[in-house]
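Here is the structure we will look at, set down as structure tokens.
We just call them A, B, C and D in the order they show up, numbering each chain from 1.
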Amino acid sequence: MTEEIRRAGGNATPVVADATAAADVKRLFDAAAERAGAPVLVVYNAGNNRFRPLLEMDDAFFEDLWRLCCFGGFLTGREAARRMLPAGGTLVFTGATASIRARPPFTAFASAKAALRALAHGMAREFGPQGLHVGHVIIDGGIDGARLNRRFPQFKEARGEDGMLGIEAIADAYWHLHTQHRSAWTLELDLRPFKEAF
Amino acid sequence: MTEEIRRAGGNATPVVADATAAADVKRLFDAAAERAGAPVLVVYNAGNNRFRPLLEMDDAFFEDLWRLCCFGGFLTGREAARRMLPAGGTLVFTGATASIRARPPFTAFASAKAALRALAHGMAREFGPQGLHVGHVIIDGGIDGARLNRRFPQFKEARGEDGMLGIEAIADAYWHLHTQHRSAWTLELDLRPFKEAF
Amino acid sequence: MTEEIRRAGGNATPVVADATAAADVKRLFDAAAERAGAPVLVVYNAGNNRFRPLLEMDDAFFEDLWRLCCFGGFLTGREAARRMLPAGGTLVFTGATASIRARPPFTAFASAKAALRALAHGMAREFGPQGLHVGHVIIDGGIDGARLNRRFPQFKEARGEDGMLGIEAIADAYWHLHTQHRSAWTLELDLRPFKEAF
Amino acid sequence: MTEEIRRAGGNATPVVADATAAADVKRLFDAAAERAGAPVLVVYNAGNNRFRPLLEMDDAFFEDLWRLCCFGGFLTGREAARRMLPAGGTLVFTGATASIRARPPFTAFASAKAALRALAHGMAREFGPQGLHVGHVIIDGGIDGARLNRRFPQFKEARGEDGMLGIEAIADAYWHLHTQHRSAWTLELDLRPFKEAF
């Protein structure tokens, strides 16, 4: 991906870090600061959707989902805000259908995503008046990217044309959040394919 | 406003109509069709915020708010959909804080706005798969326009810089909805000044 | 039903009234007052669930549902509050799944029920501190009563034991609302059969 | 408290356990089983409301709140369900205003409480059809108990008569959940003093 960005005239540096480890998250932001100064747009997009009947969830299964979906978002949001204030900027968290609806066997995932959403709402209320725009985007549907298409190659065809969320289309929405005038900021929006049942 | 649009190189024709009268709404869409063909972007923006203690509301007060905020939206949405399908397009309804929170003395307004919101959600689910993008925008704050500024001239100063929603900023969000790729449509987003407490 | 109540040692007087006509609603409350004084528990339970694709809804279809589901609730709530304040009492509105989720072909019904719900929430905030307990009960499922069982006799069997909401079980919840101590009042609760998918 | 219950003719055994440690929670349920067999009503009521500006939250502050408010609920709910199924019973989680509204400086608490609420909703959907009634009670206001009254002795007087949630009144609602007929179960209800602004 770095290569792709560069070929298109952009500039990118990949940094490998564990989003759930505070030291790693700090190191990531420090590395970014060295190359490009304070961040202006930060997206927390981690969060694997895993599922299991509740009685078969061991402690680690439940905790790990929270750690990845929510705690990493807390670490990232806190470190981002520390570096972005008072200049301001945009901080977006990626949500899911499960953020607002808990359905088995996704209960642990839904719990973690609901925790992330509340975190985003609280940060929006706290940091907005200081000039930091916090957004939360609810992705409702399958994303037309390498991960899903590799694991479920038949899914894309079954969905039909534009039946999965296009990555560029998602990026457009995030970019719109980033470019909104501060007199009319959006905290939350949902994104889904036009043909999605919901 | 028509003059302004024309001076800027655009094209606009004002039509006076009663949004709560089915015949008027049909006439409006027919007039638009004559000049410009089927609509591609329709916004239902009517809805005066009026308030009163509940025991002082007479029947007409409660009904009129529903008629303007919700029934006009039904008429407009239905006539728009009849003309926009199957080609598709965008249909946006303007909501308010009251759409999701009913506080006295705004109970009648909140009831009407909640009715409009449910209408928009139902239409989104029904028409989305047919290619018509239905959106609902929750405006949470005072709009920096002629109406509010004339009635409460001191409000703008009290709010400070960018403390009221800019009209162009609102339009940007509506335009973003209209230009979204159909693989990632938004049904609902909120808009508020960065300094708004909520 | 009156007979049943009397045989059980109770006392009941049926009054026929059009819930959507202000004069009728007033007459109803006056008749009740003559027999029994000011009301202490009032339930607004009207609201037929009708459905239709949106493009086939004529104006009257959309308006009639609002008139029955919401406007009648406004008239009833207002007349009840006028007679119950300042002594206090309980006023309960019956909601439905559609109150919080608008799905075609139930869009008109959902719009009307969302309007009723907002009305109930606004009244709760306005009248609660004056001693009038306003509640809103979301019935999520089929009710095991004469209406549904006559129209869809096969439904009850298909649902299995306790798969439809028992009328006494619903009444228990309403009674619980009525008997709550004012230091811990419930505004909203949902009711559904244990086996209902939601 | 044990003494009080015994004097009133009841039977109670206190067990000290760390709700956030799986082994302790298991031990607690085993101890209860020894004395009284499988549980029929379990309430998860832990969860201290602590607050802090987000930039001053260290990792442990954020994590500890989740561990107490949500993870302990997961452990308790899982161990309870293992022992209550297939006989059934009632499992209630205590929520707060913050469960549905994240306001600084309560962001960490709100995130944890939102996570608990989603857990409760997911468990309700998973276990309900198996006969286990899961409920979530949103407590919106100050509780008239020893903890709050000791820390803020002036609060009770400032609130006035019945301005704080009575503990017996709360218990009544939990008991109502437990005694509901399975054809009409409540998943969620809110409780607040009649004079609470919300």
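Before moving on, here are some points about what is shown:
What we mean here is this: contacts are C-beta pairs under 8 Å (C-beta built on N, C-alpha and C of every residue); 3 or more make two chains touch, one makes a residue touch a chain.
As the structure is a prediction and not an experimental result, all values here were calculated from the model.
Contacts with subunit B and subunit C are shared by no chain at all. Look at the contact of subunit C with subunit D and you find the same residues on each copy: over half of the numbers used there are shared. Subunit A and subunit D have CA centres that are 30 Å apart.
Distance from the subunit A centre to the subunit C centre is 41 Å, each centre being the mean of its Cα atoms. Subunit C and subunit D, compared by their mean Cα positions, are separated by 30 Å. Of all residues in subunit D, those that touch two or more other chains are 125.
Arrangement of the chains shown, judged by which pairs touch: one closed cycle in which each chain has exactly two touching partners. All chain pairs in contact, by the document's touch criterion: A-B, A-D, B-C, C-D.
Touching subunit D in their complex are the following residues of subunit C: 125, 128-129, 131, 133, 144, 162-166, 168-170, 172-173, 176, 180-198.
Of all residues in subunit D, those touching subunit A in their complex are 22, 53-55, 57, 59, 62-63, 66, 70-71, 74-75, 77-78, 81-82, 85, 98, 101-108, 110-119, 121-123, 125-127.
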